[in-house]
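One structure, as structure tokens, below. Some questions next.
Every chain is named by a letter (A, B, C and D) in the order it is written, and numbering of its residues begins at 1.
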């Protein structure tokens, strides 16, 4: 997935002069996750801008540059640091347009790497995607496959709206078909990543991969889950979820973040609201245990959703 | 409610030398909402500390003072500014204890005034309570009556855990019985504020008042809603909600914040999970329209939940 | 400065004063909601500084934005209509007093979160530099805003990247009820520039001519070599916003400052040093009174935004 | 400084060096997860500064915290056990390398969010002042941390409230791959103190004796009159963390600095100026090697935290 994201950035930088990247270590270092490796030498310091460690001016300057007609891609080294830029993201990126009656356009992309599982401790391992999805005015994208990552990032850069683009650190190694060149995926469209008939697994980002593994395992037992990937959390496209659910009448929602007030709650509530008569069993939720993630490997893994948790949850709703 | 909160603060300051208040305009000005009027003259500048406009050091210094054994009450002039202190709240107040294996105790109270309806514009009118409730390590309290405000604030100040205490700006005028002196309400306990039998209305904070009005109106038509006040969003006490729901089999959840990924989604999901066999109709959600709140009065009111919306939602689930 | 320009500045200051007085009256009548922060006493700042900008120079400020809006060339009609939340307001009634803006005159808002617009200014300046334009971004903020992290991050970045920003601190001695002495480690805001090795100066904000000249010099410095911090000392004659108990200052202090009324000072200069007749100035003031009356009428008679506009202008593409 | 204290400082620096080498090896063996930031090259800073503190003085730092932890008196056993995520670690295996702490020796952590612990330091100092104690809070942070808003808000507040904090910047020339010149508006961090009117000084962090003396003077200044910014120039001989490609600096540069090895410099001083025999120092180093070996064994043999501890220590009262 790393290459897919690099390609998307590279191609958009080549395509549109107004596109530039700013963030910590995006230039000389080549990106903490090597996503922008080689960019600095090719595009130069004006377009690949290393910044001081100052998240609120990184996002704030990106907002300002976007208002003035550029198309900044601001990189937050991890989504955990987005909390230092929270006011710029939720009070400015999200509101500058409507608050001034539509005078301002803020085509900013905020790339943020999130997720747990690397023993980075409680402040560096969060998956708080839902928090950003709560704010109207933002678009929140979180791809689960390399080709979606490429297509959605290119779409995000071309979008005239502010997009929070959430990547998962442990997905960079993920391999997958990526069509070269012009790959564009629409923002705000969920997608069936695995057809099935017995149960609908709704998920996104890293958990898509675990859900697909769980589906394979279940398929061995003759259970065929359909896996729907949300891909975008705001706007949330429920149609493919509902279509699937009306056929399976059972669902499990899988997210990496904490369960309470998480993504699964909204998805479940909407399924009940919009497909009440199709519900055959309580909808299951698989999510992170409600604890700040510990450093210790065993404890951290015990807190994170595992394939077995998904398998078990599916069995429970059947 | 203003007096109830003032009393709670005053009494705790008198009771415990370690308690002090810091924030913008809490001293000489007497509190932007006059909550700490007269405190500065009585308790002096050491205990009623006016700060520069710098939310992250207000909460951060409060965290540090709490670690060192004091019991700070940090006031954020409005909850909208909590986004400038977000890292201190969710990465520090919430995590300092567990991340260091329980060595630190962080008895901080963060008072924040929230809510819309006063034509303050999109950045100054938010009700983002759910965002804070998502983080384990925090306790999030949001009272809806004066006596609860007093009892819960006193409990929050005495609690050894970090408490985000959310007040609603348009509730300060609310009148209500407040027992003098030692009023203590337990954090993490929901409460039936109006007994009923036909439908369960689950709500909290300002929306409790509107829900009670809606209930009165419905009662006139022979419909008797039971109104359950969550009072605390984390930890979320579902028992009184479930007890009520098992009797009424119908529920409407009312919150002031945005609907998507809001409080109502979690409450609805838990009711379905824990009382599935008692569900007679889809659970209703009443919430804010998904727009940054506009300044214009009519538009703002159109976006905020109204008594009629609650009445309509109740009729729909019956 | 020629005679007509001299008179234009005077007219502008009087226009802002009358506009604010009209706004205060409309607020008392309950026609304006939310917060209302008046610019009375600070008129020489926006008038003097902005008279020195070129058309391509961007302007951005905080929520105390009526004077800056007028100085940028927004009509009193559009300002008052926004204050009344009307569809004809600068922001279609969605922003209110704190969120005036008009891109067509290069005024990028009114922003209500203290300090948050400083990074926006840095970003706009970056865009101009990126495109090779010689435009400068003029960023106004208060003394209270210099203690928040945004100030530090934005000023530091502006130096590291040599961004064409003129940082303008309107030091009116208080952030709400907190005096500079109680909130800032240094008594003069300009001293903070030393921490960034940034050129700076301090000027009397009650004298529009001195303000204008200081702004001209500062703008030249920015165009030549990058960011500059201009501290302008001034005073707000009214409370922080409507309904300020003003426990933090004495009426004596306020009265002493009112003797330095920027309009009075400039009027004296015009009559004594520029041989403008008092009669001409009175006539001009009478015209301004009429203009404001007309603007109030326009605002009051303007339509409310349609209910459907609730969902308008949130996203550029698609909606939810 | 008497002989035994002179040797104690030497032993401490060597202990930190060996500890870090052991940690690097354990990381290579895959026994340490997450990020590992080594202190090698900076030993004279924590050793010199903390040797000047009184027991009641609090210490807090960022994630590059092993040296500071050892200097505060935490055992290598407890440090290495934490790095291995064991129940016997300083933080019961919940914090890891970046989150060492031990309240019993007044060490308040290891904090991984750049700049976030500066407000915590201000708050702890406030608590001491509030109680009338004469304790000082020593707050260590990197050069890169001085460009973030936290630094500004915390230093300003510390001056306004005259808090007993010694702000200590470990300027190792880089924040990850970004040099001070590319991230900071001023070349010397101490210059930032001017923006707060804060007394300050700059000292060579490769010379433990100079560091110790500068710290003694700075601590006296804080106890006498409030906050002080001490800049200590140093250099990390290893990458920012394990697996740093180090594209941002040349090996020449690293080698030049390694000639200023703080341990080597001090060893020379001890043998040439303090007539300590090389034999004694070698003996002492051998003891340290054994101490570290024992500590590694302890850490490796220590038990993992029990799975039930997952829900422990999140709240002081009740759980969810």
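Following the convention adopted for this analysis, a contact is a pair of C-beta atoms (placed from the backbone, for glycine too) under 8 Å apart; a residue touches a chain by one contact, two chains touch by 3 or more.
Treat the numbers as computed from the prediction; the structure is a model and nothing was measured.
K.L.:
Check every other chain and keep only those touching both chain B and chain D; list them.
P.N.:
A, C
K.L.:
Taking mean CA positions as centres, which chain lies farthest from chain C?
P.N.:
Result for max centroid distance from chain C is chain D.
K.L.:
How many angstrom between the C-alpha centroids of chain D and chain A?
P.N.:
Using C-alpha averages as centres, the distance is 36 Å.
K.L.:
For chain C and chain D, what's the span in angstrom between their mean Cα positions?
P.N.:
46
K.L.:
Could you give the separation in Å between the centres of chain A and chain C, each centre being the mean of its C-alpha atoms?
P.N.:
Inter-chain centre distance comes to 40 Å.
K.L.:
Could you tell me the distance, in whole angstrom, between the mean C-alpha positions of chain A and chain B?
P.N.:
29
K.L.:
Please list all residues of chain B that touch 2 or more other chains.
P.N.:
In chain B, 51-52, 54, 56, 80-81, 84, 87, 91-92, 98-99, 121-123, 136-137, 234, 290-292, 294 touch at least two other chains.
K.L.:
Which positions in chain C are in touch with at least two other chains?
P.N.:
91, 93-95, 99, 113, 147-150, 153, 156, 160, 182-184, 314, 320
K.L.:
Report the topology of the inter-chain touch graph, choosing from line, ring, star, complete and other.
P.N.:
Shape = complete; every chain linked to every other.
K.L.:
Considering only the defined contacts, which chain D positions touch chain B in the complex?
P.N.:
Those in contact with chain B are residues 58, 89-95, 99, 101-103, 108-109, 113, 116, 118-128, 130, 149-150, 153-154, 156-157, 160-161, 312-318, 320.
K.L.:
Which stretch or stretches of chain B touch chain D in the complex?
P.N.:
Touch residues, chain B against chain D: 20, 46, 49, 51-52, 54, 56-57, 59-70, 72, 87-88, 91-92, 97-105, 107, 136-137, 139, 159-161, 188, 234-235.
K.L.:
Would you tell me which residues of chain D are touching chain C in their complex?
P.N.:
For chain D paired with chain C, touching residues are 147-153, 155-156, 159-160, 182-186, 191-198.
K.L.:
Residues of chain A touching chain B in their complex?
P.N.:
80-81, 83-84, 86-87, 90-92, 94-95, 98-99, 121-123, 128, 130-131, 133-137, 233-234, 236, 257-258, 260-266, 268-269, 272-273, 276, 281-283, 285, 290-292, 294
K.L.:
What residues of chain D sit close enough to touch chain A in their complex?
P.N.:
Listed in rising order, the residues of chain D that touch chain A are 33-35, 85-86, 91, 93-96, 98-99, 112-115, 144-145, 147-149, 175-178, 182-184, 245, 247-248, 304-305, 307, 309-311, 314, 320.
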